[in-house]
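One chain, subunit A, links the two complexes that follow: it is found with subunit B in the first and with subunit C in the second.
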Partner chain A sequence: MPVTNYRTDQEFFVDMQRCIGCKACEMACSECETNGHESMIHVNYIDRAVTVQTTVQVCMHCDDPVCANVCPADAITKDEFGVVHTANTARCIGCSNCVMACPFGVPQKKETYDLMMKCNMCYDRTSAGKKPMCATVCPTQALYYGTREEIAKMRPNSTPVNNFIFGKESVSTKVNIMMPKGSTSLIID
Partner chain B sequence: MAHLPVSPEKLIEQFGPHLNYPPREGFAGRDEPDKVVKTHCCFCGMQCGIKLLVKNDKVVGFDPWEEFPFNEGRLCPKGVQRYMQNNHPDRILQPLQRKEGVGFTPVSWDEAMEKTVAEIKRIQEKYGNDAFSVLSGVSLTNEKSYLMGKFARVALKTANLDYNGRLCMVSAGAGNKKAFGLDRTSNTYADLEKAEVIIVAGANISETFPTLTHWVWRARDHGAKLIVVDPRVIPLARTADLHLPVKPGTDSALYGAILKYLADHDMLDHDFIDNHTTDFDKALAAVKDYTLEWAEEITGIEKAKIELAAQWWGKAKTSFLLHARGIEHHSKGVDNVLGCINIVLATGRIGKPYCGYGTITGQGNGQGGREHGHKCDQLPGNRDITNPEHRKYIAGVWGIDEKDMPGKGYTAYELIEAIHRGEVKGLLSICFNPLVSLPNNNYVREALEKLEFYVSIDFFMNETARHADIILAGSLQEEEEGTVTTAEGRVVRIRKAVNPPGHARSDTSIILELAKRLGAEDKFTYQNSEELFNELRVASKGGTADYYGITYQKIEDTMGVFWPCPTLNHPGTPRLWEDKKFATPDGKAHFNPVTYRDPGEITDEEYPVILTTGRVVSQYLSGTQTRRIGKLVDLYPEPKLEIHPELALKYGIKQNELVQVTTRRGTDEFPANIVETIRTDTVFLPYHWPGKKSANQFTPATLDPVSKIPEFKVCACNLKATGVISPPSTASGAYASI
Partner chain C sequence: MATDKKDNHWKEDFPVYQLESTQVSRRDFAKFLCLVSGGLAVGSGYVAIKANFFPPEKIAGEHFVCKKYELPVGGTRSFVIAGSTIPYILIRMENNEFRAYEQKCTHLSCAVFYKPGSGKIECPCHNGLFDAFTGEVLAGPPPRPLPRLEVVIKGEEIFVKDFKSDKENSERSNHSAT
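Up next, the complex of A and B:
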């Protein structure tokens, strides 16, 4: 008997060009009571003095999650679907190793709870066959959750990329960033 | 008469705005709601579909309504948080009466009604029927809009009824009627998807209608060129193919120059112009001298950019032009709208797939609210109150003699002037907060203080209601059945999710009881909202905004019906003008000549900087609702003055420094936000805040001669650095509404 209705054909796609900085995603994420009404997704201005460009910072759910690898308490786990879960509250010791190790700067230490907290791909929803709340409400679909076929049809000028180059390190992720058509990787530095 | 009964601080302490956050421990019952109600957001004209989760007669959360065709579950931050207005601690739970030195004290409904009706009768007997006035709001449903119009004309018998749509899209309405004979966006927004060129003029879509952005982005996925006309680099302009940073107040010069360019380069649809329009020659004659060089001088936009925009527009096979308050909030708002329509008509791209034009209504029922007769010059069905045939028809529906129907009254700001003159002595307002939303609001405050009697129907104590003699505790959107009409022209159902709390009542029941006590009970016998809607349908029949074929059941079955829908078997009209038969008397679309003129106030040595106003994504209109929702206030707690680094340098202004802004109407201080995303001669203030944080203490009351919309978007100001660095904005800024 399946214990979950997680749809393995659906993926998360982030398109920064479409982000209007409205923070509907933060509002929706912070509605989740399991997060203590904290948002696990963050929208930031690049440099408000010169542009209104914003970026969305969401857990990329790395194939080989360094946050989990460096956790001394084995509090962070990746499941069979590739979802990297937030710290197990019974195990997390609040050391912030994961915060410092993540190449995308995603995990945050919440002092209120003395815990690391990060996005778990809305597991309460995705495990029930629903889409993550942030992607559902995103008014511009800068955040999209669906199949590769859908995104290919919807965004003919873009390509999903999930390979990131940090110096000599290559990091592949479950979450995709939409890049100009034909792109294969994103060089960060 | 109506000075505040106690200090504003005391009123704020008692009635807010206070910030409402979800409880840390979560809402009890959210996981197991008693019911899930499919309804719509209570804010802007998109009217996104949303599901409200209800437990124990309280809204405890929301779920996206992914099947609703316009937004498919998508919401903006206001939509996500809209449920937090329900069960709010500031909610007015019973009728209140002002008591000098005490504030507002609860009274029974009977006492409140008796006092209200006695004062109405006293004023009307002493000064005449028109001395009692009504200001209504377009957050009301279609049913309530219709009811307010009928109530004013039949029960109060006053001509002086107007609405806050007067501050919204009346310029567009007037322009649309002149050009097309009908006032509605021509297409559904889905037609944006395959438009080759999109012009967005004076519409900060990403912050005011965020869910509409999706359709623009989809168009761009299909290769559409996006042209954004705005003094600021708004979020939509960030990736636009062309941003035209127009000098505030000069928009009509831009569209005039484009029209001339189209004609000079023969980028015209001659067949459409010859067979389906009138007065093209007159429109062209008005712009014969409007060269690109002239337009560059007037608008401040490089002529090469204007030329490129004209070329793209001229050569496209499909196109969509959208505008909003940025071109409509002007003393020549109608001219600006007609300038846009002229370039649409010149290229004949209307009434076809992926070709459209329209205004984007700002308020929740901005579209429907301007069709059903709570406007000073209008009767239901978008009929004209001065037209004898229209008057006769509506008098017949209402069962009154046509000669007993009042004529055209004052528009909203004119009404304030009439109060100042002593001509109008009494006021009833519903869902309208003029002390924040009207221009030159210190003058508005003085008017409120001159009223002999003021009664407000509202669910929160807004800044204007603080001046009331009686406050009647009304209802939120989710507390009454009804319909609204979205910015696309789609009539949708508002479903009652919960009952009004405490002793609050539905707005409809309040108006019906007032009508009864005023002796007009036999004309107001509705048992429910559907009966009201059915009378509205009949009243609209044969009018340009014809709802006759729309029923509650039909809306349920189809998730919305587009008007006009003249018969019960008619499917509705998502795209107008496909038959090229326009709603004008001659059946043709009309070009209108637009000659450029300056805005009402221009800069000079004393006031050398242009001040323009607008909105931010987390706040809605006068903030009566959104300044009470904690997470929305946290996003943008207080207004900041956007200023370009060059202008900041000129005045020695540093980032976050308090800047003294002075106009001919007021002076106050705001923290500076120095950004390159604004013109170098213009500063920007958002207008959702009251008192010392109010942008409308500065704006002038120069009115458009046709639409009577005030010029919110242009005034002359002076700036002075104060040397005080403002501390970081905090939520407490929202309280400073004194």
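Up next, the complex of A and C:
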């Protein structure tokens, strides 16, 4: 097993409310050479007609990743740190099963490469003990990468939540979403 | 996935977790090759030793097969000898002689059958042909004649016993003559 400097004490915290739609994260992500200058993080408008509010979506790195489970080519795997890796380019057949299966809408099929691409939490950086690119450039800290103690100090009125309930399916993830204090899960119907 | 209780055994074969997927190293593969070639060597050794040092046991004594009238001319009767599992056939030839052979083709052990009227024993698997009078190979892939039993007729009853080749028989008669 390759030796890495992955910091297991650090986690990803996403605070959608703080997203100002500056797209600095998208720019930072696409500057990275490992993903062919494509952004693996996506900034979305909630309802552009009535509000300028944007949200940001990174891969949540599910504990039981549906994308990997549905992949017929075994292209998506999860490592010992819980990082769900992007499709192994030698294996991905471009079927888009993962794109349709992901409850968070993360993987994207890049038609030009006939390949699925998704966020792998900047594994090239995190495995060297660095923080993901997007988290280091986010001006509002809507994306934050660090320890639980740090986030507790910074956001005393929020709790990190990593349980999501989609109808009858509950999904737990490695990445946390900041929710009002005391929340335990996010129900999405 | 997280909440459904269906059995997820398929995940054992297609693990999502990198740590669960097995890595076959060059060393493991070399070990596997050694094991397989070792197994093949031991196996061929076993076959060679069994064939050369433990020849098949001879059949002791005479064994009753059936009554003469039970077998029509051109007919065949299959039988086994008590204590053995080898299948044999007894043939009543058109000239009223009886012959008994192992039913296992000497090529790949398919069951052979007598083709009435032709004087030939046929193996359907690869078109092996044997002479029904002697067991000799006439055509096809079988490498050896069919092992034969000697048929002894006592009145109405047919018995078989270990077959002595003509050479052995003639030697024995020569001895007794001198």
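What we mean here is this: the second predicted complex is superposed on the first by the 187 of 189 C-alpha atoms of A that agree within 3 Å, B and C clash if a C-alpha of one lies under 4 Å from a C-alpha of the other, contacts with A are read in each partner's own complex, and residues count from 1 in each chain.
Throughout what follows, contacts are C-beta pairs under 8 Å (C-beta built on N, C-alpha and C of every residue); 3 or more make two chains touch, one makes a residue touch a chain.
Keep in mind that this is a model prediction, so the values were computed, not measured.
Peer 1: Using the overlay on subunit A, decide if subunit B and subunit C clash or can fit next to each other.
Peer 2: These partners fit in the superposed model.
Peer 1: May I ask for the angle at the C-alpha centre of subunit A between those of subunit B and subunit C, rounded to a multiple of 10 degrees?
Peer 2: Between the subunit B and subunit C centres, as viewed from subunit A, the angle is 150 degrees.
Peer 1: For A:Met154, using the defined touch cut-off, is the partner it touches subunit B, subunit C, both, or neither? Pick first, second, both or neither.
Peer 2: In the superposition, A:Met154 contacts subunit B only.
Peer 1: Looking at the overlay, does A:Arg91 come into contact with subunit B only (first), subunit C only (second), both, or neither?
Peer 2: A:Arg91: touches no partner chain.
Peer 1: Between subunit B and subunit C, whom does A:Lys23 touch in the aligned arrangement: first, second, both, or neither?
Peer 2: In the superposition, A:Lys23 contacts subunit B only.
Peer 1: Output check: A:Asp74 vs subunit B and subunit C. Expected answer is one of first, second, both, neither. What do you get?
Peer 2: Touch status of A:Asp74: second partner only.
Peer 1: Just to be sure I read the superposition right, which of the two partners does A:Ser170 touch: subunit B = first, subunit C = second, or both, or neither?
Peer 2: second
Peer 1: Tell me the contact category for A:Pro65 with respect to subunit B and subunit C: first, second, both or neither.
Peer 2: Second partner only.
Peer 1: Is the number of subunit A residues in contact higher for subunit B or for subunit C?
Peer 2: Comparing touch counts on subunit A for subunit B and subunit C gives B.
Peer 1: Smallest separation in Å between any Cα of subunit B and any Cα of subunit C in the superposed model?
Peer 2: Closest C-alpha pair between subunit B and subunit C: 28 Å.
Peer 1: Which bits of subunit A are touching subunit B when the two form their complex?
Peer 2: 17-18, 20-24, 26-28, 30-31, 33, 36-37, 48-54, 133, 136-141, 154-157
Peer 1: Going by the contact rule at the top, pick out the subunit C residues touching subunit A in the complex.
Peer 2: My answer: residues 1-4, 11, 14, 16-19, 21.
Peer 1: Note which residues of subunit B are touching subunit A in the complex, please.
Peer 2: Checking each residue of subunit B against subunit A gives 21-22, 24-27, 30, 61-62, 64, 66, 71, 73-77, 79-81, 206-207, 210-211, 213-214, 217-218, 221-223, 233-236, 238-239, 617-618, 631, 635, 645, 655, 673-677.
Peer 1: Taking the complex as given, what residues does subunit A use to touch subunit C?
Peer 2: Residue positions touching the partner: 1, 63-66, 68-69, 74, 76-80, 85, 168-172.
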